[in-house]
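I'd like to ask some things about the structure below.
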């Protein structure tokens, strides 16, 4: 294997992880962390220009390059945010340098796992990669070692493991279905080999496989009723991890589902995966939107918002068609950027105010104007108001769904409205009104947050033609 | 030339409504007194009252504003304009096109608006009481009046009063249920708008139920004269209105010549006299209502007007 | 492939499933752990047999991992945990043995029905392996949801995972077998270490999961704010 | 002026927003930002007027922003030009007003950055010609105005107002989005010109109308979707309140017209009926709410609801006539509606500016604490009186002219064939008359209690006349109210192209502008100019003549008050007592009003109390219920947050078994 960009995307995080595991000083290691993430991002960007040839192990096509670039980008910005976040945690004594070594190394391992899951051309390797990413995030979630954090990590771990097991069984079944057609051995797991023969695969086995894969990777993606780990994992872990969980790991799981969806949709004898995904997505969105109301913890609320968005995205992909797929893809990108920006803001807010309880956070726009308005802007974006990017994707999702199946779009509107009401209700109280809690200025790094929001804003009003064409092409791939 | 020829009857009408209105009040009062077996004031007493008021020095409350001083003249102007547009002795006057029946109702509303404001200017409780009740009554009377307008417009195909009057005078109308309903509604509205019994008592001050008089309590001198005159013009307006719509006989056609105008004028005076007598008769034979019974009374008018309109809409006839 | 080959494979896979069923009605922890060890041993044999049948040497590694790690190391560790942590030897179940066994039977039937119908085109052996594996997987899940005790829940997961390895090994030529079994071993190790960790940090007095429930997210927050008692952590929802 | 130039102006406004976000804390920022907004608005206004006056073909433009493969389409036709005029007239007036008013703002950095963007968004809505751009601008308008509502965020009431507002706005946007989705069809033809080519039919058409009524109606303030409006409009600074009430609701009307008339091609007879009925109810309910209200700005906001009702009566009639094929009458009704849009934007801005002046002068919005301001602020009082007269539909002002046209449309229009309409059309006439009469009553209350009488508090006593900027813009608006009232023919001529675009016909052209003739002079006519001249001349003459009798100059004396003048200003009629008769007559059941006297027990020195209760039925029956349902449902679902791991596993297990069973049984 020569040293091409794909291997760089994978090797840099691995090397960095090894290095970080031994570096003692947290300031240095957080810089190394940023550097490594930046290098990975650079490697990923170079993939756009020079697409490496497809091998049996690695594949870079229009679909996953979106994910890869997004992944490495958010990974990079989060590492920047993480540096300032961690500094504060060390000051307040919540984390020790020993734990931080652990933290930084695992951060890179997690990135490695996710990148591997995205670039691999092999459904077995993909499974391994997702598991790796999951395990590393489990540890990251539990890093504070408070009872709540351990409980969240444990829950995440157990439910995630069951999900992983189900996904593996599904993968095995796909291979079993493919073997008679593609032949035994590695080829039976290579996605680019499977796809041309999709129509010939045993439909009955594929049906069962789809159930297992949907449940398995759906657990990772936080689809109802498999979402239970997600809110707590977001709420109890360090905020950079929450940002990465929401912004990236969910996408990776979704990416896996999408890959399989393409495969299943190509076989006319299999139960079409679209409707099932649409229904699951819809139920997820409606459920999560209601769950947003009785929330006390700010991070948990935004975690539920992530679930809601995953529901919407799954719904959009389930509906299918050029418009809805485009919308789903766009929504996914926008959600990653926005939600991580929100978590950046939330992280600093909860550090500044010393609490994650929304009751104790009041009048943010006055006490911490930049953070407060950043949060408001992020929330405005996440609930789908223009001129920010989520609006465009929700516009397309809703309008294409409503024109085709009004009865499916109606619950989605309900979900969006209920979620809107809930998030706004909480945010309103936090951002406005008389100040409550600490007013001491926070030493925050605003750059990652505002970069994300700027991109989201730009995408809301202007998507460059090249990107649009590319996304549209992907939408076509998705069927 | 044509314009001048047209302007003369218009001018006559305008002068007539202004000059005749106190007489109408006088006749009514006289009739009422006689019905009560009193001698009553002379017929021309209202003229004397107005003249006397004009000569007196007006006394203004210390905190009266410019609005308070300007209102009487504007009230008179609005009322007078409205009255000038109602055909008294002839249809087709030059100014007729200025405003149709809806606009006439609105002109009266303007006058009332100013009067009610003037009532509140000094900041006494009586003024407020009067304004508040006046607006409550008008809130019911105006829609009822509008329904009457609708009815007439649907029958005559016009909201132009001279058009309506000409149509009513023609033989095409006949007896209609809706017209009857409209007449009753219009009469109720007229009673309410002119502060007559049973809605208000024009003859008393200082009664807790009073409406119109309460608003003008603080006025004196020429301001009061203007308001009294405006009230008289308004009464004349409603009488003329009922006359030209429901008793359109004797109206001269436009450009009918002096003889026709003169004859019509005599008819008109006769109508006024009869109306005054009927009004007096009605007022002496009925008691004043409690103020919160008034809405019910006006609701009758509103319902009748609405019924008349609906009948016309639904059936096209009646 | 001869009849004998098939029969042996069949017997081993069936044995795996039987072990799962046996686990369902165990009342004592040690017995449960022992049966798990038995199942892992059977798995190792089954994988080795598959390795021989498929001429796939890498499967021997998988078999070896199963034997050393699952049949020996983990049961040993679990024994130690139970002894060290003074966990009740009696297994607390959510529903009685009878219903559990009945549901287990139903699950086996479901697995057979779904799988045998589905894999009609594939080889008989593979089909049966997949069917048994699905049954083991479902039984493992059933065990996880009917036990309150953390150790027995984990054993449920482990047996579930045995089913997965069986399926993977039974599917001819499945790549990444070694990677997958290593990945799973790490997972399992994590779980077991997790158990230790919790104990070591003395966060929990017992490994009964009800103790963990007290730290469910927002639990205390919700109580603090609403003032009303929250939901019983019992079994009214299932 | 070309469309590109107009769009540049809009971009300039947006840029202004960005600039002010950075500089709003500077000393001169207020003047610079408002001044610049005013100038840009004037330029846009000029562009709009120019397009209306010179009959030019519609201009279109596509920018490569927005939805990637459609781009952002913009179009300037007569209708858009008319609303451009409405928006920018209001925008320029508000900006100019704010030059004075804005100086009282304590936290300009919470107002300035959003203000130019708000105006820009409204302009964009009017110019947009594809669904995405339209909705984007629409929601941007909501967003910026929400931020402005939250400018004074520390007051608890404002926070609630902002919340209700933003939720309702989002609801409306979603409804419009769905309507556009139906119009665009499954292939996503989002450009208006494409939508026009294949209009939605049958149930889809009805659904579109329904959704637009919900969407645009909620923004415009149709009953019972109006609840946010009286909360949000008063919460904003007064110049913004004026914009929101006077202009933003009109943009909502524009949205309704654009979609229903322009894209859907009319909603059919049933649709027209629904709009008519809603308009009538809105008009009456709006004014009744206003009568019960004693907060000056809230009251004005409720009057916006009323006037929106009047506008929708006109639009409903236009739809009905259009469905019946009576284009000329549709044009009449439509003209009436547009005219009222224009008029309302004038006098509602004027009134809100006046209210703002009162608020800054007396630091009070509650009418019960004001009074006698005519003596302290005579000029404000004068223009406010004109505003009151105009909104009460009194001749010779503009409000009357447009309401008169609406009446004419009702009366002169052909009798519809539909039995429901036969009932509804006259009923809507009655409702309109009732609304007009009640509005007059309400403004007697407003003016009488706020400006007349004696000051009820020290603050009111010490109020001072407002600044020159505010006064001059109020005078201009008052003058416009008068001019539009006495030259309605001119306005109608200008409106003709827009009316023709939407209804296919237009009202007869008016000549020199003396007479306003809806159908033919024989049937009805009105001349505001003559009325004005006559009133002015005869009132002047009457004054002259009356003086000539020798009464002499008036003498000042204490008020007579039937011989018992009471010094305490509290003895005056209050807003509450003024409204009491109407309250007893009209609103008892509609508002579940109750009054009871609480008598202390015998011997107790406690005062007896009169307790009045009013219930907002629309709020309690619809919104409170919905929100409690949602919260209740959320509470129930919240169980899922608190299950144990085993329970979650049970759920996973059951879903797996369920799916497998389904598979086993069906496949």
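Here the chain labels run A, B, C and D in written order, and each chain numbers its own residues starting at 1.
Keep this in mind: a contact is a pair of C-beta atoms (placed from the backbone, for glycine too) under 8 Å apart; a residue touches a chain by one contact, two chains touch by 3 or more.
Quick caveat: nothing in here was measured; it's all calculated off a predicted structure.
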Count the smallest number of chain-to-chain hops linking subunit A with subunit C, moving only between touching chains.
1
If you tally contacts for every chain pair, which pair is highest?
B-D
Furthest chain, CA centroid comparison against subunit D:
C
Distance between subunit A and subunit D based on Cα centroids, please, to the nearest Å.
43
Subunit B to subunit C, mean C-alpha position gap in Å, rounds to 97
Please work out the Cα centroid separation of subunit B and subunit D, and write it as a whole number of Å.
35
Report the inter-chain centroid distance for subunit A and subunit B in whole angstrom, where each centroid is the mean of the CA atoms.
77
Per-residue overlap in subunit C, given as positions that touch at least 2 other chains
114, 117, 141, 144, 153, 212, 216-218, 222
Two or more other chains in contact with one residue: find those residues in subunit A.
154-155, 158, 162, 204, 207-208, 231, 294
So which bits of subunit D are touching at least two other chains?
641, 643, 645, 649, 652, 656, 660, 663
Chains that touch, pairwise:
A-C, A-D, B-D, C-D
In the complex, the residues of subunit C that touch subunit D are 94, 107, 110-111, 113-114, 117, 138, 141-142, 144-145, 147-148, 153, 209-210, 212-213, 216-219, 222, 230-231, 233, 237-238
Over in the complex, which subunit A residues touch subunit D? Could you list them?
154-155, 158-159, 162-163, 166, 204, 207-208, 211-212, 215, 219, 225-226, 228-229, 231, 271, 287, 290-294, 321, 323, 363, 365, 380, 383, 385-387, 391-392, 395-396, 398-404, 406, 409, 413, 416-418, 420-422, 424-425, 428-429, 432-434, 460-463, 465, 467-468, 471-472
Subunit B contacts subunit D in the complex at 51, 54-67, 69-70, 73-74, 76-78, 80-81, 95, 97-100, 102-103, 106-107, 109-110, 112-113, 116-117, 119-129, 131-133, 135-136, 138-143, 145-147, 149-150, 153-154, 157-160, 163, 205-206, 217-218, 221-222, 225-226, 291-292, 295, 302, 305-306, 309-310, 313-314, 316
Under the touch definition given earlier, write down the residues of subunit D that touch subunit C in their complex.
639, 641-647, 649-650, 652-653, 656-657, 660-661, 663-664
What does subunit D use to touch subunit B in their complex?
371-372, 374-375, 378, 381, 385, 389, 392-395, 400, 404, 407-408, 410-412, 415, 419, 422-423, 425-427, 429-430, 432-434, 436-438, 440-441, 443-445, 447-449, 452-454, 515, 521-527, 530-531, 534-536, 538-540, 542-543, 546-547, 549-562, 565-566, 569, 571-573, 577-582, 584-586
